[in-house]
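Both complexes shown next keep chain A, but they swap its partner, so chain B is in the first and chain C is in the second.
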Partner chain A sequence: MAKITDNTRNEVKETVYSFFIEECEVDASALNDQTNIIRDMDGDSLMFLELIEIFKKKYQLNIELKTIGKYVVKHPAETVGELIDMTMLIIEHENRIVNLE
Partner chain B sequence: MERVVVTGMSLITSLGLNLEENWANLVAGKSGVSKITLFDASECETRIAAEIPASFDAMWGAYIKKRSADQMTRITKACFVCAKEAVNQSGINFEEQDKSRCAVILGVVTTANTSSEKNPQLQTRILKSMNNAMSAWISLEYKLEGPNFTVASACASSAYAIGLGYDMIRSGAADVVIVGGADSIVNKEEIEGFNHLYALSTENDVPEKASKPFSRNRDGFVIGEGAGVLILESEASAKARNATILAEIAGYAITSEAYNIMAPMKDGEGIAQTIAKALKNSRTDIAQVDYINAHGTSTMLNDKYETMAIKKVFGERAYAIPISSSKSMIGHTIGAAGAIELIITIQSINKGIVTPTINLDEPDPELDLDYVANVARNHTINCALSNSFAFGGHNAVLVVKKYL
Partner chain C sequence: MSANRNVTKVGIIGSGKLGADIFYYLLPFNFQLVWKCIDDEEAEKCKVAFQKKLNRQMKCGVIDETTYNAIQQLVYINASNDSLAGCNLIIEAIWEDELLKKELFAAILPFVEDECIIASNTSSINPSKLIVSDKIKSKFVGLHFFYPTALKNIVEIIRTDDTSKETMDTVLDFCKTIQKEVLVLDEANSFILNKLFLEVQNEACDMVSEEILSYRHIDELVDKNLFPGGVFSFFDHVGNDIMLASVRNYAMQSSEPDKYESMIALLEDMCAKNLLGIKTKTGFYDYNDHDAKENFRFETEPANLILEGMLTCLKLAYIFKAMEIVDEGVCSKEMLEYAAKEYTGADKGPFEIAAEMNILY
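So, the complex of A and B:
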């Protein structure tokens, strides 16, 4: 399990925002936690996998995508804010995220 | 039954990245064939192809978002760019259309082109190589909710796609269908494979002279890259929005020879049957046909049998119809050929110019029709045929007419 500090959420948010600004070619001013990834930014589901790979390396997480997939089916993240929240849970719980309700 | 018209079209070939550039080079009789640059072909028997100009890499960024581009191969990008250009030319605003009645049907043999795609990422491998990628991206771009799919019938693929699009509109199932195709098989595996079938020209020393349909010394086709997209629309839809109508698709025929996996039926019998069916389907008399854009691959059998088939169907009139092969200049664009050559045919109708068959310096005594040797010709065309034939016995003939 990665060590979560006060700064972790800020790091995650900054990474997620930078990722979408770069990949979706959107202006930073048009992006907020309520932005819908597919509807508002023409994003795609592959982006989530790419972000997980980034965080897996950054925080040396012990996770498997199929485990996260089981959680995502029950708790889909449609907005940028929801994605950040989910990322925080993944960092905190790693593979045990599947046990969360 | 709805009349089916063309309201937009665009193409990318070795001779250019848009319709105007291609047309100017085709009329000038230029060849797009050169040494292969997409991979190291030094070990291949054939080392030439008609590749899309390298300047395409600096062009597509204006049409495709970076994120989407990362999930496309270069030929999917070419098809996407063509579709955007064709839609722009048509002036259609899909926001004002019933999107459930707008479809995309494209012909393609493969989008993968594996060995010439650099740095393939595992996460995008499937998305890049899936055969339906082109139609899917175009549907996504315009949020079209009618069916989108690809048709694979080898070198007749995009001609089949156009025929199916025609049927959808004619039957009232759709108002607008984006049709066409794109292909790139300039990679080591395909070149070697076709070499083992003795299908490709091996005239590597003078690439621009290698594709020489209907000539006595023809020695096979030259692989070309390309994309061609047309906007098919019901006449009612086009008129309702005051669109410029470029031509009418009058009918078509698709058939199977059920003879041989590679060779055409002896004496062009299957080809003749397909031409005859297309004429009947489009209610066209042989006297009305002013031009034939031949399949004209530059292989011994195709050119001979296509000529025999035209003679069978048209009799003495065959000698009065100009026939030319675009492949002499742009190579064989495989799954894209039917669409690209239909676009060239429509342009010929509207410009009153027949593009030439270049490299026809040594006529084959057996092939004695008017192949518009080497030089373009002014010619009034009200009705034309575009032929496509393929390994597997897939034949397609499209009939296109000046819109009156």
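So, the complex of A and C:
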């Protein structure tokens, strides 16, 4: 399990923002926690999967994509902020995230 | 992960949502991958996107330099039919249109080896309808991936009367290599998972047409009690034009095609108004604001009794279709329960819901 420090959320936020700025070619000033990933940036599941792979490596997470997917289907992250929140939960709970309500 | 013994070079045709999804899913399995796009401009876009992802993966440490270089050697993205030469398996994932698919197969055939297996990722057209030459009859098969491929652990293999055992064995072996569970179906029972959910979707459309419940009411009921995503929200995400094309095909394959009239009429109406869903920012819901709002709202909330009654109808549509599938010997109860849960991400499949309703099966 990854150790969550005060700085973890900032790191996650920075990674998520950098990812969308590069992948969706959006201006940093146009991006905020309320930005809708699909509607405002034409985002898709492939982007989410790539981000999860990045965090899996970065924090050495013991996670299976299919397990994470089960949680995501029930709790879809629509905005950048929600995606950051979800990533924090994945880092904290790893595969046990499916047991969360 | 090592490449399959028989299948070493895979062609993927189509760069839409599923074509791209399948390509990226297959990337770590060490196949030689040819990704054929519709034209040079699209191929260039896909190349740039692929390179960007690969560079980022190396930068973030997801892959090392050796893997980065190996992947570059294994992937070829372009628009030419002759690039498919040497493929052992070709997976077509273009627009769900019978004529377009047949034109494509006719165009690639001169470049394809005699032994190459051709698979269509069609979700609603029986594969035998897409066979354009006797030469490929025994090597043609339906291979239906679900989106997003990485998160859905199941694929449907649809064999025609002419699909050879060798083709089936190779495709089964390929699916094992890419870590997918399979549902093997014949054409009389093709696309069984979509047809299972079609019964719930059809029931929901009848309720809307009869003005019993609104889209939101139904989506809330389904999302909370049957499977995540609801019905109309799901349509909007898939695209109402794609749903319409699929439902028309399912109706044609059904012994009761009239049953789907109201569903087809509703989807036709949405398409005529260009309310295609997320891609046009409006469909059954309006996505222009941050919170999706339904485009059609009842002035009064329905009574709980109505909601409960309608939920029972939706559940029964789901359960009875599942029982019919098992009774017809299409697959086992356990497999269908697993596949339904895998497809929807729900905690319970149709048979567990039946048991909760004290319906013994």
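Worth pointing out:
One rule holds in what follows: the second predicted complex is superposed on the first by the 101 of 101 C-alpha atoms of A that agree within 3 Å, B and C clash if a C-alpha of one lies under 4 Å from a C-alpha of the other, contacts with A are read in each partner's own complex, and residues count from 1 in each chain.
Note that in this section contacts are C-beta pairs under 8 Å (C-beta built on N, C-alpha and C of every residue); 3 or more make two chains touch, one makes a residue touch a chain.
Computed from a predicted structure; not experimentally measured.
Aligning the two structures on chain A places chain B and chain C in a clash. Once the two complexes are overlaid on the shared chain, A:Glu92 sits clear of chain B and of chain C alike. By the touch criterion defined above, A:Asp33 reaches neither chain B nor chain C. By the touch criterion defined above, A:Glu82 lies against neither chain B nor chain C after alignment on the C-alpha atoms of chain A. Once the two complexes are laid over each other on the shared chain, residue contacts for A:Lys70 go to chain C alone; chain B is not touched. Applying the stated contact rule after C-alpha superposition, one finds that A:Ser45 touches chain C and leaves chain B untouched.
When the two complexes are superposed, the chain touching more residues of chain A, out of chain B and chain C, is C. Of the two partner chains placed by the overlay, only chain B lies in contact with A:Cys24; chain C stays clear of it.
Shared-chain residue A:Ile54: touches chain C; no touch with chain B. Chain B is struck by only one stretch of chain C after the chain A overlay, and of the options 62-70, 98-106, 206-214 or 260-268 that stretch is 98-106. Counting contacts as defined above, chain A residues 23, 44, 46, 49-50 meet chain B in one complex and chain C in the other. For chain A in complex with chain B, the touching residues are 23-25, 42-44, 46, 49-50.
Note for the complex: chain B touches chain A at residues 65-67, 71, 123-124, 127. Per the touch definition, chain C reaches chain A in the complex via residues 17, 20-21, 24, 52-53, 56-57, 60-62, 147-148, 150-153, 228-229, 278, 281, 287, 290, 344-345. Listed in rising order, the residues of chain A touching chain C in the complex are 15, 19, 22-23, 34, 36, 38-39, 44-46, 49-50, 53-54, 56-58, 65-66, 68-70, 72-74, 79.
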